[in-house]
């Protein structure tokens, strides 16, 4: 069955034949088919997004020893749909003094920047939107539009909390974009390409998490910060600045921010899988792309689950800790890792695969060991100085 | 398609239209009964004092500055990373020199205490 | 008119209109947002010119970093200039005259260009690979590559020093 | 097919608009915005000459990338200067910064 080995091509050729038999020009039918594919694909992504609401609520309920939604449909599966209807028919309030155009543009850009990412997601060996040769930078570019949307929301709302949330966002998302780019540079070095398709295909023998475990760790930490999720959710901070930049948003506009955040988390889970965990690779995935797409979604879901796990386990950290963690730890570590990876890769790239993987893994472990020892030494120094300075205080009491 | 960027362009257009469609649907279905209390700035029930677009500390700016410089430098690193496989070994060292110069800047602002939140 | 030309006109109109808004809007945040529209238009233009790396870098660097820096600077100095005050010098007609004269001169020069009607030649090879190898190959542009690093180091040190001076 | 001269005219127009912004604006930040427009006009020129000339030579694109670096450096130092002046003199109107005039 050719449909099983290359479904997109079969559907494409069938549609092309149908449309041209109606007398349409070649380029027009091509355009229409592509447009149709894009609309269907994005609609599918939005349906997935709706399901993610249920997944998120169910999983957080398990973490907190509750049941979660369980009334509407089996296991509460249909719960998101009434939620969405409620959001749509809620009154939409624009606060006084808000900058109307910017205020309305911000939620649109926020969700759109996440949808843009799906143009380059490699779902399976022959199922993907488009194979860009600059896909990784495209990912960063879409992320910067998301950053922009938050700053627009914070400024346009005419609200002190919203503005403070937007300011914190710059300190947060923008800072962590540096480790994120470094983490993206590592697969680029390993493959010599920025195309997600080629990066995934290069992992047929071994997953890149073996070659660069620290890179995978760097990516997920930076992704969580980029998402503005706990422990890096200072730009929302429900208990201090009452949800920050989207404080003044109601109804569907809030819904767009919310949908964007959930989909963003899932998408980063997907990219984590594609960059470091073999993407669609799995048994028989090469012959049957639909199976590959299934593997990809499962791996993305696991990545999303890890992000949720961190979110509902770790408390929010203070802004000075957050900045120090990035600029004094993650960024230098990332750059050192990048240098080590580049040099080791250049030395070992002609050698057999087992030697290459072992060498890369070892170099990563050495970097990790030195980092941990350095941190331990510094912690000891701090503890000794703290004990030395606290002794007189104790004597006073 | 010959040029993948046509596809990307279409994707950007459709991806922007879908959130707009959601907002339009909401605008058609939702009630609209504005009143001054509802539209006032939300500050947990407190009366708003002074201007709302207040200025915060300038230190946020220092971090944006550091980000700007490092962002541009990492963009230079992408071409380097792309061509490592096609070039001889010393090319890797060029990138290492580049990163070391970068880290010198980071070390400077660290030593000056500008990365400390005050 | 071909599809290429239609796209060029749309993008060109976006660039010019938003650039005009950048220099005439009173609200500086809006000016910065219009600048983002201009920059995005330029990115689309690079994509049509097959400079895909530059198109994406334009969005990453300009929109993701430089424009956000501008918005920040405006937010941090906002108390000083209210939006309803005039934002132009008293001598703005002279500025407009000089700008128009510059445009006329440049257009005159461009009209005399011997290769004005040149069309795009076939792409030689993979531009991305060629660019990345040119940028770091010792026979080509490795010196600018390293000097750019020094330039950015100087900018970082200088800017942070100035910004933090008491 | 779009001829080369169209790109040149577009970039000339963009450059002139930027020049107007630099000359006519009062606010120092707005002046820097104008400079950004001019730099982008130069970049459009560089890239279109690369594409329409011998595109095996990557000089045009490499130059454009260097322009990115220069623009970033310029914005970083320029805005830092403006903020520093704003803190010491509480104004960013270019005409009022006349310490060096006498």
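So that you can tell them apart, the chains are marked A, B, C and D in the order they are listed, and the count of residues begins at 1 in each.
Here, a residue touches a chain if its C-beta (ideal position, glycine included) is under 8 Å from a C-beta of that chain, and two chains touch if they have at least 3 such contacts.
Source: prediction; values computed, not measured.
Between the contact lists of chain A and chain C, the overlap consists of B.
Among the other chains, the CA centroid farthest from that of chain D is the one of A. Here C-D and B-C are compared, and the pair linked by more C-beta contacts is C-D.
With centres computed from Cα atoms alone, the innermost chain of the structure is B. Rounded to whole angstrom units, the spacing between the C-alpha centres of chain C and chain D is 6.
Taking each chain's centre as the mean of its C-alpha atoms, chain A lies 14 Å from chain B. Chain D has its Cα centroid 33 Å from the Cα centroid of chain A. Residue positions 132, 137-138, 155, 163, 167, 170, 174, 177, 194 of chain A each touch two or more of the other chains. Residues of chain C in contact with two or more other chains: 48, 52-53, 57, 60-61, 64-66, 68-69, 72-73, 75-76, 128, 131, 135, 148, 152, 155-156, 159-160, 163.
Multi-chain contact residues of chain B (touching two or more other chains): 8, 53, 56, 58, 60-61, 64-69, 71-72, 75-76, 78, 82-83, 86, 91, 95, 102.
Chains touching one another form the pairs A-B, A-C, B-C, B-D, C-D. Here chain B touches chain D in the complex through residues 58, 61, 65, 68-69, 71-72, 75-76, going by the rule given at the top. Note for the complex: chain A touches chain B at residues 30-31, 34-35, 38-39, 42-43, 46, 87-97, 104, 107-108, 111-112, 115-116, 118-119, 129-132, 136-138, 155, 158-161, 163-164, 167, 170-171, 174-175, 177-178, 181-182, 185, 188-189, 192-194, 242, 247-248, 251-253, 255-256, 319-320, 323-324, 327-328, 331-332, 335, 338-339, 342-343, 345-347, 349.
On the side of chain C, the complex with chain A involves touching residues 29-30, 33, 36, 52-53, 56-57, 59-60, 63-65, 67-68, 71-72, 75, 126, 128.
Listed in rising order, the residues of chain C touching chain D in the complex are 2, 4-5, 8, 12, 15-16, 19-20, 22-23, 28, 31-32, 35, 38-39, 42, 45-46, 48-51, 53-54, 57-58, 61-62, 65-66, 69-70, 73-74, 76-77, 80-81, 86-89, 91-92, 94-96, 98-100, 102-103, 106-107, 110-111, 113, 115-121, 123-125, 127, 130-131, 134-135, 140-141, 144, 148, 151-152, 154-156, 158-160, 162-163, 165.
Those residues of chain C that touch chain B in the complex are listed here as 44, 47-48, 52-53, 55, 57, 60-61, 64-66, 68-69, 72-73, 75-76, 78-79, 128-129, 131-133, 135-137, 142, 145-146, 148-150, 152-153, 155-157, 159-161, 163-164.
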